[in-house]
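Take a look at the structure set out below.
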């Protein structure tokens, strides 16, 4: 049984904290909501979606001190402050500048600082140097958010039907973009806190799980000609389409994610010392980076403990093992006499599985053990908890075309030397994920909430 | 019209050269041939194949000075001496040790020095340090070859039918393995000579091409369900199978490779300065490595020249552009409004195309311009000349299983962050290549004889 | 004539700033002063010195935002927060722990985080990772200061004469140590702000200089047997002694520091392009680091401008050139047909020169042009303005012995591959500097307020 | 008692070796000698000195295989082939080109390849890339030597008295320069062989020492005003002058070098694990480079062995410990309650000590234990055996001026971040060394034949 004391408040802000500003921001968002009770449902819904997403970014910052917003603990991560400003820059650049009549940026220098990688928008501040900026301050970044929020709302409220049609896909893209950054805020913050010998706690109230975990079963799937990829009118990223047919062989997929206990058995069996289990580049990584366990595990007095957003905890044997690289997932699967799924297999297996599970909406900030009784007829933990590495290299679907202009840089140019992950994690928004959703990271990345699901051929 | 003075002898050996040893080696191989006129054709054929391949490695060394055998000009390359010894070690390890009764290695230390990467065989000398060994000498390496040649021949001659059946696949693997190293010997030597401001010449007699090159046409192919991958009893590497069905869309493939002239147009159009043309990692590579043209091109007095195994030459506009990374091939294709083929498309397009072209057997050591009149009904230059980058990440085919034991390390463990190339090059043996053959290199590798063939969707 | 509007207040703190805490801290220091009006003058003086120094660290932070305290912009620099805490740790470790009866640290973890490099005190957090810590917060660091201040004051107030005799050298050392860190706070902050494309301003009111600078004259000094090094009872670092005799040849020393204008002439004469002017390691540095001018100079529309703590300014031709490495100082001197002084020559030349000039006490935060009329009979700008590189490698004086225990690590272990600088800078406290004072930095360091004074042999 | 079988021949050349060419070269040198029996003794002596030095370089190569000439095992080292060609280039550049009438280089490209670092002579091939050149071949390099030898001899033979006066200092410089490279040939070769798991043997006949080593005694020296540095007409490098007075305190110097046994005691006492014994940069080096013992020591079955030019040997307890960095010498001295000498102290202590000991002339290629009975009234092992680290940073003497032109780059530009070593080693020519001779290496260099002599203050 899983319990959590949800009545306990999130950590109170110290007097020095940005609490009031964050609240102010939320209030202004609330104000937006009421202000937007216009005649057109579409506009109202769009504004609500925009408002909720923007507010949730602020909510994730509530436990933070000003100092926590500034640091970049590795080149792949960004400071919290940057995430808050960049997501605002995205709305400013792709919505306010082209669509808000007479718009003049009050911070033209932000276009250089908070452009992530859109060459078509102009030159940008180098990624590994994001942690060198003490200014603009956190307060400035929050004010920037407030400004952008107000103007986007004004734009939406005053838009006629035609304009709204034009704006809608951009707002939805911006919302999805911000949801992605919310996930990164949590993973970047976790990485930064993990470097601190004091091990700061993001959220003091951790969920505790008790009782039995389901044993892993194999769910069989028939091969054949199947259609994968996104189709239809609902929002999806361009990399999810075009929908197309693929040939899939018969296979069986594990009923749940691999657990900490199962991964410990791999370690104890010399998993990190046997080159035969690893891809050649994986074996290099093990040796160069001196990997002996998943990221955030550390051995104290002969027992593994792990750093989480709730602090350092004893390893819970039944929880899914996370912060795993593709190399480790692949090696574990080989050790277990199985393999990782292709993304097509995963998509087939997820057919009919409801988009339910543990998402960031629950504010648990960690994956949860699979419940006994689930995973008998269909795989469980497919959505939420942990992203699942597939063995599919991230590459364009047949007929894939990038969008024209800057937004064409969103996905296509990253299709090289990365591997596809599916299903979302405990840091993903429920409304963000889909069966066809393709996340992607380099094979040595371990700072995501990423885990392992086994697959095997059947005949 | 293409002409070459084939009567001109290859460069004479200086008194200091290993000429006599190389010749001796070839003589002993000739002796083998006559000695092997036994009753069984299979044995004779196998011995001949073994002999020819081993002799050809020596032949490739004829223009070399002793000093040329020693140097490793980058971590990815190996000294000539190492190639000669490692290919012998391969036969010793996988044939002599397990199959030659009472075999005792006269150089047990070679097992450490000349094992490339087979963890299952034991610890090995680190690859980037291969250039630190002045001993064993070249002479030692050639003596090692002679010893191994004699014993393998003896083994084959005395093998009964059953034994022969057991040995045959290993000999064929060893022969193919050595052919791969022959190709590497040429590419590694080229790289090493290119670092030398004196630009040493490997082969002084270069082919000169005159007349018109064919203009590039598009050959259409119908989509549908197709079977790719190796099937049947002939030799193929494990990574070429299992044969399986794939869905392929309709496409058109360029009738020939992209030429130097076409690539120059890309450069002149700012190809190396426009981030929109590049994959993100590719754009990083362009900037970090300061790429401005293909490897081995250099600008003298406003004109591009290129270093070849025949010395530094004026760029021939009609010859295929080579020493191109995947990143450059991809960027060129985007610039040209096309794309690279998938490996499945390439394999489909090669159906019925004869395995003919310019191979290392011709000893031209460079790609040749496509002939006028070819490439009308079927793509030309599909085999030989230059390896063709595909957009397919190197990954296991459905149902792929690695062999047990050390030979299982041959292919599978490299299936990560590499891209498939097809068709062979002017440095490949004709008998080595197949339609299903999958070569692979990291996307930033430029030291191979690698080029570009365009593809595009049709509907 | 030099003018500055000293009536203008330093930049006001934003509501988010730590102003109140800083003020609180200052008040508590004031309280200390009054509280300390005990019977013994010595104690009162010691407390005042302690109080003033501690308060001045806080004063230097007044223009800062919280975010400014956190960032480490290069491995050699430290975050402001770290400086504030480390100087407190120094008092805690060397005074409170051994001398305050019953003292128990309320933050034992600070001993790991804020030990800089004293192996004898225990393991410490790696220097290049100081910028990864968002916690303890700035507020925590300031509270730590307040705690330490209160207890040190209490200790001093209650100390009997014997105890006071024991504590006095430690307090004086701690005060001097903190003064060193005050200088580093300014240089580290300057470096960090310089990385920011927004070029934040530390202090908006810059001094403007007008009128003529003195022309450089040569002040002659007679050679012979001279005594250098610290002697007597006043405080000095151990590296300044023992006092000893040295043989010095006759020489002449420049009457003032080299100016920006003079340095520009060096650049325009190809100073950074002529290997004959440079030490071999210096020439490597020029090429590897792509040096073309002093640190913080940048060319805009053909004119040099420089980043200062007052923002980006036009280059003032008469001000001394600063942020110069030893390599640049040495190359400039060679170009000018002169050389750098030895530290013995410098010390001899400073005999009788009053410890006067532009120090951090003036809060100018930049060097000032030499006044017309000065530097005729004695060199001017010897103290303050800019540290002056000598050609003397930092090495122990004859008979030098390090102190026992942790404090023995203060100086001696750094006597390798560093060069001595003399005279202090505009970031040095006037009470901190002496004729015998030996500062030291590696020859490629440019982030200090370091400049050039020429010397030449005479006969 | 020390014995060596000097009748045993050096290792015979294999048929592939350059024996005949080396011999031919020596013969031509012999021919030179006889041809030079002209009227002027000075010319004859000069030619003999030139001949002997040039011949000795070839003699050092006799045990080598062609492959041994090519490899550069670290950026600081050079291939043997390069040393042979560079020393010839030195004579060609500074003697033949300016002084041989009508001289035209037959290999103008060598000026780029074999210039070491003389910017004034023109651009040069980057040092770390010397190992990438298989051509020119070893044979080419030896032919170059023969050509240069013949022309220099011709020039000297035909020079009139005035010309001879002009040439003499250049020839002497060239001879001394080549002697320095002979030493580097041995240290570079030793480093290269040490990288080879086969541990090739340069010289199979090692000296064996038996009997008692002297116990270490302290030889006292009175302080006062002393003169150091080179004076007079005999050849010396510019860095040895001008002669000048220095103040030296009273000190005592160890009667002999520190032995392997004494150094083992340091290791066993945790010498490499105690930061208090090390300079800060030294402690960094210990940790970054994972030093646990001198270079070339390796532990086998609990006992230290060392790689030498005679192969891997058991550690001889009484032999001086060699291949020691400045950092290790300094740490050992601190551990032993002593210190290293300054170079002035060393020079004073060497007064009256004959230039005798174990030099490369003896072809022992290793240091030898100090003899019982020596070192009572004067320090022994001062010359030869091992270079002795001093605590003096390599810096210009007062009044030091570099020569004009390219030869001014010989010494002065290296006076930064290096430490002075004195006395020569078993790889130094006896005729090369002097009391005033200043060798210099960076403090982390361990590949020289460098050892430790202790010093301490007396009063």
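Going by the order they are written in, the chains are A, B, C and D; count residues from 1 in each one.
To be clear about the criterion, contacts are C-beta pairs under 8 Å (C-beta built on N, C-alpha and C of every residue); 3 or more make two chains touch, one makes a residue touch a chain.
It should be emphasised that the depicted structure is a prediction, and the values quoted were computed from it without experimental measurement.
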item	value
Least hop count linking chain B to chain C through chains in contact	2
Which of B-D and C-D has more C-beta pairs touching across its chains	B-D
Chain of greatest Cα-centre distance to chain B	C
Distance from the mean Cα position of chain D to that of chain A, given in whole angstrom	61
Distance from the mean Cα position of chain D to that of chain C, given in whole angstrom	42
Chain centre separation (chain B, chain D; CA means) in Å	46
Where chain D touches two or more other chains, by residue	none
Pairs of chains in contact (touch as defined earlier), listed by label	A-B, A-C, B-D, C-D
Chain B residues touching chain D - in the complex, by the definition given at the top	14, 16, 18, 65-71, 73, 81, 109, 112-113, 125, 129, 131-139, 192-193, 195-198, 200
Parts of chain B lying in touch with chain A, wherever the complex brings them together	117, 119-120, 225, 244-247, 249, 275-276, 278-283, 326-327, 391-393, 395-396, 398-399, 409, 413-417, 443, 457
